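Here the structure is laid out as structure tokens; the discussion comes afterwards.
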Amino acid sequence: MIDLSTTFGNAWFPSPLFTASGCASSGKELAQFIDLREIGAVVTKSVMSKARHGRPTPRMAETPSGMVNSIGLQGPGIDAFLAEDLPWLVSQKARVIVSIAGETVEEYATLARKVRSAPGISALEVNISCPNVENRGMVFACDPEASRRVIDGVRKTLGGELPIIAKLSPDVTDLVSIAKGVVDAGADGLALINTVLSMVINLDTMRPHLGGKTGGLSGPAIRPIAVRAIYQVHEAMPNIPILGMGGVSTGRDALELILAGAKGVSVGTASFADPAAIITIQNELKELLAARGFTSVAQAVGFAHRPLEEPGNNS
Amino acid sequence: MSSINKFSSRLIATVVSNKRVGQYHQILLNVGEMVNTCKPGNFVAIRVGGDNAKMILRRAFAISRVSLTGPYGGSMELIVAPFGQGSKWLCAQAEGAEIDLIAPLGTAFGIPTEPVRALLVGGGYGSAPLFGLAEVLKNRGCRVDMYLGASTGGKIYAPMEGKRSVNVLRIYTEDGSMGERGRVTEPIPGLIADGLVDVIYSCGPMPMLRAISEIVAGSDVVHQCAVEESMACGVGICMTCVLPVNDEDGNVSMKRSCIDGPVMDGAFVAWDLVGKIPEAHA
Amino acid sequence: MIDLSTTFGNAWFPSPLFTASGCASSGKELAQFIDLREIGAVVTKSVMSKARHGRPTPRMAETPSGMVNSIGLQGPGIDAFLAEDLPWLVSQKARVIVSIAGETVEEYATLARKVRSAPGISALEVNISCPNVENRGMVFACDPEASRRVIDGVRKTLGGELPIIAKLSPDVTDLVSIAKGVVDAGADGLALINTVLSMVINLDTMRPHLGGKTGGLSGPAIRPIAVRAIYQVHEAMPNIPILGMGGVSTGRDALELILAGAKGVSVGTASFADPAAIITIQNELKELLAARGFTSVAQAVGFAHRPLEEPGNNS
Amino acid sequence: MSSINKFSSRLIATVVSNKRVGQYHQILLNVGEMVNTCKPGNFVAIRVGGDNAKMILRRAFAISRVSLTGPYGGSMELIVAPFGQGSKWLCAQAEGAEIDLIAPLGTAFGIPTEPVRALLVGGGYGSAPLFGLAEVLKNRGCRVDMYLGASTGGKIYAPMEGKRSVNVLRIYTEDGSMGERGRVTEPIPGLIADGLVDVIYSCGPMPMLRAISEIVAGSDVVHQCAVEESMACGVGICMTCVLPVNDEDGNVSMKRSCIDGPVMDGAFVAWDLVGKIPEAHA
């Protein structure tokens, strides 16, 4: 038997496989295809304080082994979310990680305050890959100071109970310094990686295909970028738990992220191809770990960082 | 909503036959028991490109018809236009090939409890699900007229056997190469004025659906249309396939065409806002 | 007839299709498969001042619609290059863009001095995606100040003759500001994008697969990132010629980059799958331009930036 | 060097046959005139996965044999182990399938001008090109012994027809399931000591090639080995496939195994540096 359980701060999960924010809506739709109790946790679509329509369509374009999306955080707003979506998830006995997103440091803190008193939440994922309206729309996660302030505000509002997982963007020059900044500011864990800023041009209209012009690249195409990001950050901060994501669609992919340093793995785009993908991946991971002699996920986390003993005949 | 895809499941189906019909492929898949839960208007999401494909998303196709019996058990028919890499791949699959599909998905056409006078309007391959629908309506005692339109005759899909369930079938092509020259929407205002139609069921390009909605606006005619938006997941989890829809209070919200559709009430779709964002929420 | 010609500074090329640095060696090997005179230019493998062995093997891993490489700039050094490789290319009547790379600002200037007196070169591509040994190995292209100093040094050494194309890395928070910096420092054009920093973990050894651990992601997987980068930079500096690259393997891909703002397009990884790919792409591009009513490449450059007239029935 | 791939070209070849032989697939391709330029030791680079594949790089396979005549004209034989996604795809291609290939690539085994005593040593599918080589050597009047080794019998490739060109064929398996138990390299020192061999031709896993190089070191025996390094391009433009090789002056440089190989002089390969970087250049 393989012990699949994992922890982020004081939160315990029976499996390291989570949904990815924005790729499972609020869980209900996926529940037609899988039993939500079987996976580690449902990470909800990032919720903002007010209801939002999101970006105009078209909102997606398929690309080689990937897709570019520009949803624009359409959603019901935190109050409706806490009144309807969260209680449903809790009633299903799913473990829930709520993802929040804001346009100002203040909005994040407000969201944290509302979430604080809601029962049944295991952890908070703070999606800071959002434009900061107070700083010319620069994405929080691309600005070390703004990232830090968001997490600091959330931590202070939240108190010490709920683990905070800060979700970072790969679109930065120095990911490790941003990661260190948010950990200093009170993040218990890091989610790596959000989508990669991209664009597709429609050859019929000869204009950007997406209604929002640019969008985020996800899927297998970005997996090597995710592995690198996770490896770099785990190398710099081996004790900070990482929720890895980016192109995971098989158990092998999940294992790759775990070996690089992920304590948990979110499955995003792969669920679009197969809503039950996360269950298949979980089963495959179990077998792959066993085949390598691991008895728990924990033993494999960050294994790729260990020096390789030189084989005798190769010296 | 949470009951929408209650009967959907994933299945590896084999291709029973694949025939070219005009510019389309008529593809018959062996799906067994699944046919029992498929209703006219539902769609199927198909994985394309094979095991090593660079395409990662499923493609959506309307379920044209299902048949419970037959030499191979329950089968599902699709009418596919070879358009881009995914649909071309599907059209190239030979008898015996295995197809990974999820079905039935989405909403179905509402079937009236009483016999009504129904007009079915199809554009291009949009006629596909209308023949299955016609059969159901006919069995309920409805009068079923069908008007099909396309730019050219090769894009009209109207199989012989399908005509049995239809009282009148009229065909319109823009180039006049088949049926009458003109647009399929042109005769509709006359029919409505003459009080000859209670419900319109439509499936086809968005501008056609919009035009029909505008024609029926103000009349008592109900318009159920099957919309077609680009879909990444087909099951309600990605939010790519949204359409602006008015609610009872006149507020617009972005509805997912995969689970709040594809069949929607044309009167509620905010056609002028498609591809745009409604005014910000309060 | 479509006029395929394009210019970078005062250099004229009969076609916008170039090889990509490091993906055509020094041209000889490719000449077994294509006529080098038929393409826009051969961009040579980045050459350094001394001969280099490069990184240990394995040097590559295939990834979904992409590959990660870590060659480490193996090469003969500038003197051998100028003595042997360049004269051969010139004898073949190929147009040549020499790519240079260095570990210090000084090394770039030295390379520029040597190249300056060599005949038959159309332009200089300055690959600044190299670790700066004088600043903790930080890649020049990730550091606005270092990027600027490299180009400034090269420009001053070179004088005004040879066009300089600065090749940038996408692994930065603010690509536009780096682009502006190198243009201010004297670059005549920009090459976008170099590979994206990535990693693959080998599930047998459970360690990083590449000898150099990290490597650069190239191929169709990164095309949406390249399109975004080109679009952003062209938007900010519409008059600066861009040599676009990243995952181009068909004429459609080349057109996408051109519409985004590229005046030239380099074909890299696609040549590995088919050494004659660049010729096929060139022919396809010609047809695609014609089908859209263009009579020259120049008309299509940056076309995606033009506002789309609202169609009448959609207002 | 600039003449290395002078005869290579790209071709769409059809699969004439595909048979399982032990743990391998013996794949025969119709390549027409191309056979005239293929020499033992050359390899072919094959595009895998079909049109929509996420695999972007070709896969390299030794040309096992070519035949000028036959029911289909010139044909090329490959012996393929279904290993990862690309080779499995190739092994799954049925008769009539079209294969995109580039050949002949790389260096060939050097053929002595005089009759010599040749020992051909193959590991696993490494025996593939040795049978074609044996034929050529035999025609030159050489004595040809062949020793094949593998971990287990299913990994020995030794076709009946191939044995005709060989004087002695010995098989070694580590598990003793076929031929003698042990490693194929074990008998070689004895042969050399007894002066029974002039040239060794080898093809197989790198540790085997290295072991043979170490055995012949100090003797007069020439060792031509076909190396196998991971290749992105196969035509000399990417620099991924390098091996450390000593030149006459004892300097090590990184040579491309695709165009300075795959056949190399074993005595010059710096085996202890494979997978490492030599000392920095002066």
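Labels for the chains are A, B, C and D, by order of writing; each one numbers its residues from 1.
The criterion applied here is as follows: a residue touches a chain if its C-beta (ideal position, glycine included) is under 8 Å from a C-beta of that chain, and two chains touch if they have at least 3 such contacts.
In this text the structure is predicted, and so the values were computed from the model without any measurement.
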What are the mutual neighbours of chain B and chain D in this structure? A, C
So which has more C-beta pairs touching, C-D or B-C? C-D
Measure off the straight-line distance from the CA centroid of chain A to the CA centroid of chain D, and report it in whole Å. 46
Chain A-chain B separation of Cα centroids, rounded to whole Å: 35
Do you know which chain C residues sit against two or more other chains? 64-66, 219-220
Note the residues in chain D that touch 2 or more other chains, in rising order. 54-55, 275
Please categorise the chain-chain contact pattern as a line, ring, star, complete graph or other. complete
Chain B - residues contacting chain D, complex: 48-55, 85, 89
Touching chain A in the complex, chain C uses residues 61, 63-66, 68, 142, 171-174, 196-201, 203, 205-208, 214, 217, 219-225, 227-228, 231, 247, 252, 255-256, 259-260, 288, 292, 303-304, 306, 308
Along chain A, where are the residues that touch chain D in the complex? 64-65, 220, 313-314
Quick one: which bits of chain D touch chain C in the complex? Just the residue numbers, please. 1-2, 4-6, 8, 10, 47, 54-58, 102, 229-230, 232-244, 252-254, 259, 274-278, 280-282
Given the complex with chain C, which residues does chain B contribute to the contact? 54, 207, 275
